[in-house]
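Here is the structure we will look at, set down as structure tokens.
Letters A, B, C, D and E mark the chains in the order given here, with residues in each chain numbered from 1 onward.
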Amino acid sequence: MQKITRDALIEKAQTLLDSGVVTRVLGWKKGDFDYDVTPALFTDIESMKKDFVFGDFCGANFSKYLLKETKKIGVEGKVLVFLKSCDTYSFNQLLTEHRFDREKVYAVGIPCDGMVDVNKIKAIVGDGIVSIDDSAEVIKVETLYDGVKELNKADILLERCANCKSRKHVAYDELMGEDGEVIDSNRFDEVEKLEKMSADERFAFWQNELSRCIRCNACRDVCPACTCEKCVFNNPNSGVENKAAANSFEEQMFHIIRAFHVAGRCTDCGECSRVCPQHIPLHLLNRKFIKDINSFYGDYQAGETVGSRAPLTNFTKEDLEPSEAVNREDK
Amino acid sequence: MFNETLIPKLGVIIDVRQDTPDIKTFRVVSPEGKKLFEHRPGQCAMLSIPGVGEAMFSITSSPTNTEYMEFSIKKCGCVTTWLHQAEVGQNVTVRGPSGNPFPVDDVFAGKDLLFVAGGVGLAPLRSVINYCRHYRDRYGKIDIVYGSRSKDDLLDYQEIINEWATDSGVNVHLTIDREQEGWDGHVGFVPNYVKELGFDTNKIAVLCGPPIMIKFTLEGLRSLGFEKTQVYTTLELRMKCGVGKCGRCNVGSKYVCKDGPVFRFDELDELPNEY
Amino acid sequence: MQRIGVFVCWCGSNIAGTVDVVKVAEALKNEPGVVHSANYQYMCSQAGQELIKQAIKEHNLTGIVVCSCSPRMHEQTFRKTAAAAGLNPYMVEIANIREQCSWIHKDMAEGTEKAIVLGRTAIAKVNLNAPLTPGESPVTKRALVIGGGIAGIQTALDIADAGFEVDIVEKKPTIGGKMAQIDKTFPTLDCAACILTPKMVDVAQHEKIKIYSYSEVVDVKGFVGNFDVTIKRKARYVKEDVCTGCGLCTEKCPMKKVPNDFNLGMDNKRAIYIPFAQAVPKVATIDADYCNMLKNGKCGVCAKVCTANAIDYTQKDEFVEEKYGAIVAATGFNPISMDKFDEYAYSQSKDVITSLEFERLMNAAGPTAGKLLRPSDGKHPHTLVFVQCVGSRCASCAEKGKEYCSKICCMYTAKHAMLTRDKYPDTDVYVFYIDVRTPGKQFDEFYRRAVEEYGVHYIKGMVGKVSPEGEKLIVQGSDLIANKQLKIEADLVVLAAAIEPDKSARPLATMLTASMDTNDFFTEAHPKLRPVESPTAGVFLSGACQGPKDFPETVSQAGAAASKVIGLLSKDKLTGNPCVAHSDEMMCNGCSSCEKVCPYGAITYADKEFRGPNRTTLIRRVAQVNEAICQGCGCCTVACPSGAMDLKGFASKQIMAEVDAICK
Amino acid sequence: MRKISLSNLDGLFAKIAEKSKLYIPVDDNKGFAAFKLWAEGVKMSNALNTVRSAKDFFFPQMENLMEFKTEGKNIEIIDIREEKEDFVVFGVRACDVKSFEILDRVFLSEPVDSYYASRREKGVIVSLACGKPAETCFCSAFGIDPATPAGDITAWKTETDLYLKANTEKGEKLLSQVEGLTEDCDDKAVEEQKKAITEIVKKLPLQNLPLDKFGKGKTKEYFDSPEWDELSSHCLGCGTCTFVCPTCQCYDVKDFNTGREVKRFRCWDSCMYSDFTLMAHGNSRVSQKERFRQRFMHKLVYYPDNNDGLFSCVGCGRCLSKCPISMNIVKVMKTLGGKENV
Amino acid sequence: MQVNEYKPKIVAFCCNWCSYAGADLAGSNRLSYPAEVKVIRVPCSCRVNPMFILRAFQRGADGVILCGCHPGDCHYTSGNYYTRRRMALLFSMLDYLGIEKERTRVEWVSAAEGAKFAATMNDFVQTVTALGENKRLEDLRCKK
């Protein structure tokens, strides 16, 4: 797959800005290092030429920003958003849930061959990163202590990219480059591994993972499916409100309910795991639901189309019983 | 183990008075029937019902009252709603006093005083007014301008009519927002009334009420020639700890619960506009 | 804080036998909010109720817990008691300490302990109860019947006879439906037209009934008691109120080759036509697809011959908006298309016909004037083969046909066979069947007469293939009883095509938010207990749109639907169930999850303005529950992730308080 | 100065653990460090720092303050405070050690927070010099020397040995407890390491922050800066930065009703949360911009205002590496502080 | 009587139209089942939010059972079909987290099935008793 360049995106933005198709651009702004890019809104091409970056660290899913961007009062015109294939699924899901006005967005699909996880780089090269050159497949990382190291991109991909489910863009106004295909990925392997464990092992596994949770809500706040006006965990009247997990029950409660609330709506974008400061594999909860939904009710990919009926707001008369669900051999 | 300010004292509600349709005044003492703690005019206390919540309220009774404390509370959130259905004998927890009082013994001493309040805004001023009335000879002339939506919404109406208005050197000016049957007093908004009354500037003014009233009353006083250094008010923000540590009630560098709630307008000018 | 009164009932010894009621009353006294606790032998008795009323007044109670029998037994009783004492009836909760406690436990200590927990649970709930008032909505005292077949006709007549106005919307130029096409009816063999046409006339003459023929429902808004319906009156190019139905135009029209759909295309009509002699309304209609005047602007014969000046070539579709309190779906059925059943050579030979076509062939007003003649050559057929279950009971061939039994085919095939043999004794009649199903009054007797008296050859087995050979149709089939393959040289093959809901039902169901099953039959509100109601309040089902039916069944269901409509329209106001869903608009984000799971279509969305930060206004899409439609199942409350949707009377907080009280 | 061979580190830990609980940084299954209770076999992490800061030891994310029992109209207040146990935290970095001073100024100022104070009293801090600071480190910008961290005892780890130097009475006491295991030594190796660290620190990219632009009395200067809009525009409003921050100390007090009693607890709160200042009749910080501004103004202006110019940031870099959108105090300082230079 | 005999806490959510009536019928027929079972009446099984089930465990329940009309017989036509999906997924998730799958159950009990109700409760109590106290989804604050 040909790699899309920063210049190509700037050129595209310039065309669209100049022709008045869009009035502003959601993009990535360079940071202090080569890996800490920040989402930013650009309103003119000069600032883009100055600060806009695009590279292997632009993993953030921008579709949720459209909620805020399209609700801005007194702002005319469309906003340009660049969508990686995975982002397009979130984009559709948000549209399905009437979360933003499609008319106010100009979506440009961009090809993506996976984004890189800086934590994986650090795990290999250690601290003190001076520079990262991600212009080629082999990524060169220079550190204070160890000189330049060459890393294979495949080894340092974000988890979600290593298990990319689709390179196909399911929503866009315009596509740059060629579209990819839906991938028959191995994304459920980890889930299966857990399923094969004994209940005791699974319990120990999750206790270890969830006990690290600091309830910072980053997973929730970044999640494109979590778009409630007021989350039940912030609502004193919900009966489950809590700010800090008092014990393992509340840790479990938060993550079970959150996963349940996004079940059938989660596009498996992997943002929750990417942003978790404690590196809890939250995607394994969501993927469990996705896997179960696929095997219980037939394959369903949230966000594949706009307006599809989520599995939890649907049924057939022949659905399996809960008792069968927990006793299935192939679950 | 030493004293912990977060741990409250136990209080008992010994009287509940329905002041206006949505304001009740609660009289609170210790289980032994004594006053819970001493306070200064303008200070606040945290009342709480375990399981419901804790909230900050002005102590509306005067420090000179040695028997009990009173809190005038408007029904708006969950703690206040709960309190409004409480009956005499109900226990509550009380923490305080919090914050800085009005400078009644230095700055105010010997001066003419003007109190301007709107609606439930009278509650924080009542303790100061009664304190100054108690030590009547320490202060000059006292003017009280108080307004509310209607006659029924005037807090402490009986006390105002029967006690305040009858004190010598105390002038009470009441107003309500709209004409009402059975009301032959002034009608109109507080800021306008203050301007109409046209006070001389040789006095200290204290304002309390809804933000919009404060804004226009201050403008009115300024047009009458008052300096901001002569005008005080009290602020209200979300509070939790009441001791300047939990981090939420600050305006700039000042914590309302600790450095306030009493501020002079020139002090407020130094603070960012985030209250 | 509530002021709760607790009343523990002995129920004689039913409860007091295994529950220490005094101890229960004593224990519950200390629960939060309880200000009064009493026990009495029979709380439901006059004296017991009086006790409650007195306590309400004396202790100024705001809530009541009765520890007694099941709420299914006396909840209403105690609600009324509370109401009589001025307390909102929904401030009453029942702790079921009889059916779910004293009757199942033998040990006094155990029973008492559980009764206390159950009482505590009810108290915990009442503490969070809020007074509820059922919503009221007015009722438009007029009904709409969609479909003018026998089902629609019967429903309309019954409603109109009760004194309410009824409109019938029929998409064809005349009412009458399938029954008008049928020759005789089983098992009595009386003439369909003879029993139908008087009813059609009744409809036409009824002052309470208005017929919108050649019309369709295109939009439905509103809810039970208050539907707003838009009806499209298709242009028929004839002024309905002027046309006398003399029929002169239909004779003079030069366009003679218009397939006659009333006779299923087996003969022709003119471009201007009256479907059949007894049509109601008896008004001509121009088929715009064939009329030369409308197509090319040349002709105008009908206008010239019409003495009443009823022809109007400039007519346009009209849209009428009407208000109704109730809607009856009576959209009926159609035989399925035979396209996918080519093994029976339907498309290859004119002499392979469906049973409905056979009806027309046998009908005196049909294309052959009632003479049984082969469509291909007009010759008299000698060997007839009837094939049963064509497209019915297709469990394994669902892509071709239907999985269900079409129910009526066994009987009408017996009728056809019998009538054929009766009129034409020179015929050989064979019937291939899988089973013969005759559960109905006089049904089996009828079938046996066909076999025994009329000598119809019933063959248990399937027809594998029909192939035209010269003038003959070679029918290959198997006889399962004789266990042999058969080959019959037939002159006419009649296929008992499965019946399916009319195609108009699906879009109509969407408009009505009425649910359908996978076969597009309307779903009933309850299959056993509410068979003529749709789950959508105010929408009723009449006839075959709900499932395959014969005439008597259709007519009785039509009457039942009418009685439900009459029951609804006789009310001036509808009082709802106050335990309905409610959406907190401040929390709703308009995701539509709730709407998707609502079985009643009670949830709609509106764009509402909200105050944003810094004096801005935000517009948000929020869910709104129509309390008149909501039945209070609470499905939406769980579909809603934010908890914006809650159920009054069974609020999340209340249920959680119950959970807490039980687990305490 | 005392030293002990790294090979005998377990012995040292065992000895300390005899008298008090000992917490050391330990790697989890993914290689991220967290302070864990030491026990036989628990190995110290080599990571530069823990994901969570060390503030938990004195200001835990959640702690019960008191209990209430209610019956009818009656309330009983139960003081559940109890004497805390002695504990030692080993391996606290210079930045986190400095954070204790910042927290002290909040919790130990009148009226003293007894929950914090009692833990502070019982805890002994053994700090550890940073051999290999990360690119995200900028403690030295705040005058913190990663080569010589404060604490009751300062430790330096070389290839072979651990060097220990007591700074306080508490530290002396602990050192004397382990005297038998350690030996006296000169500070040559330590001085060498310090020099090396100082050299590395000079090379770190974030050393020259425009700190002089911030501090006491700068409220007016920055409060209405137009830059806040853009800086905060993509903030998710999560609590990651505040929860990994060693100096963030905002808390909430809430009640939990167990059905038998009400437990009043406090837990970390975040000024980034929309409900932080929400009241029944409104919110003084209406949008994420105000909340975002509060956090950074507090660190850079308000706190210094109230604390003799001391910044409420120690440059640990946690927010730099953990923020989901990579927005952080460095970017804020560069944007606001750098505007005059442009 | 043994004093230390372990008695589990069981919360049973029953829909008003079928299962609650079934429970009543069990009572009318004097079919006994353990007193540990306490029923909460809900209009339909679809009213039961997973949060209620977790809440029960938090507050000390050892088992939670959900009873509704048989699929196809829902008073509200489709409520229990949604329940079935929701609970299938929820229970599978609980199992995935290592929580004993026997602690949760869904059973369809019609108004006529008093005997089934009693038998189901007997069996469920037996199963949960065998499992012992709920430790994996407990909130120690709520325990005595």
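Quick note on the criterion: contacts are C-beta pairs under 8 Å (C-beta built on N, C-alpha and C of every residue); 3 or more make two chains touch, one makes a residue touch a chain.
Keep in mind the model is a prediction, meaning the values are calculated, not measured.
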item	value
Co-neighbours of chain E and chain C - touch as defined	A, D
Farthest chain (mean CA position) relative to chain D	C
Furthest chain, CA centroid comparison against chain B	C
Chain pair with the higher count of C-beta pairs in contact (D-E, A-C)	A-C
Separation of mean Cα positions, chain E and chain A [Å, integer]	37
Distance from chain D to chain A - Cα centre to Cα centre, in angstrom	30
Whole-Å gap separating chain B and chain D, where each centre is the average of the chain's CA atoms	40
Length of the line joining the C-alpha centres of chain B and chain E, rounded to whole Å	54
Set of chain A residues in contact with two or more other chains	232, 238-239, 246, 312-314
Shared interface positions of chain B, touching two or more other chains	78, 87
Residues within chain E bordering two or more other chains	50-51, 55, 59, 72, 78, 82, 86, 141-142
Of all residues in chain A, those that touch chain C in their complex	71, 73, 96-99, 227-232, 235, 237-239, 261-262, 309-310, 312-314
Residues of chain D that touch chain A when the two form their complex	28-32, 34, 48, 51-52, 61-62, 132-136, 200, 203-206, 230, 233-234, 236-240, 242-244, 252, 254, 256, 265, 267-270, 273-275, 320-322, 324-328, 330-331, 334
Residue ranges of chain A touching chain D (in the complex, touch as defined)	31-33, 36-41, 60, 65, 118, 123, 126-130, 144-145, 208, 212, 214-218, 220-222, 234, 243-246, 271, 274-275, 277-279
Residue ranges of chain D touching chain C (in the complex, touch as defined)	70-72, 259-260, 283, 286-287
Contacting residues of chain E [partner chain C, same complex]	9, 11, 16, 20-21, 23-28, 30-33, 35, 38-44, 46-52, 55-56, 59-61, 72-73, 75-79, 82, 86, 118, 142
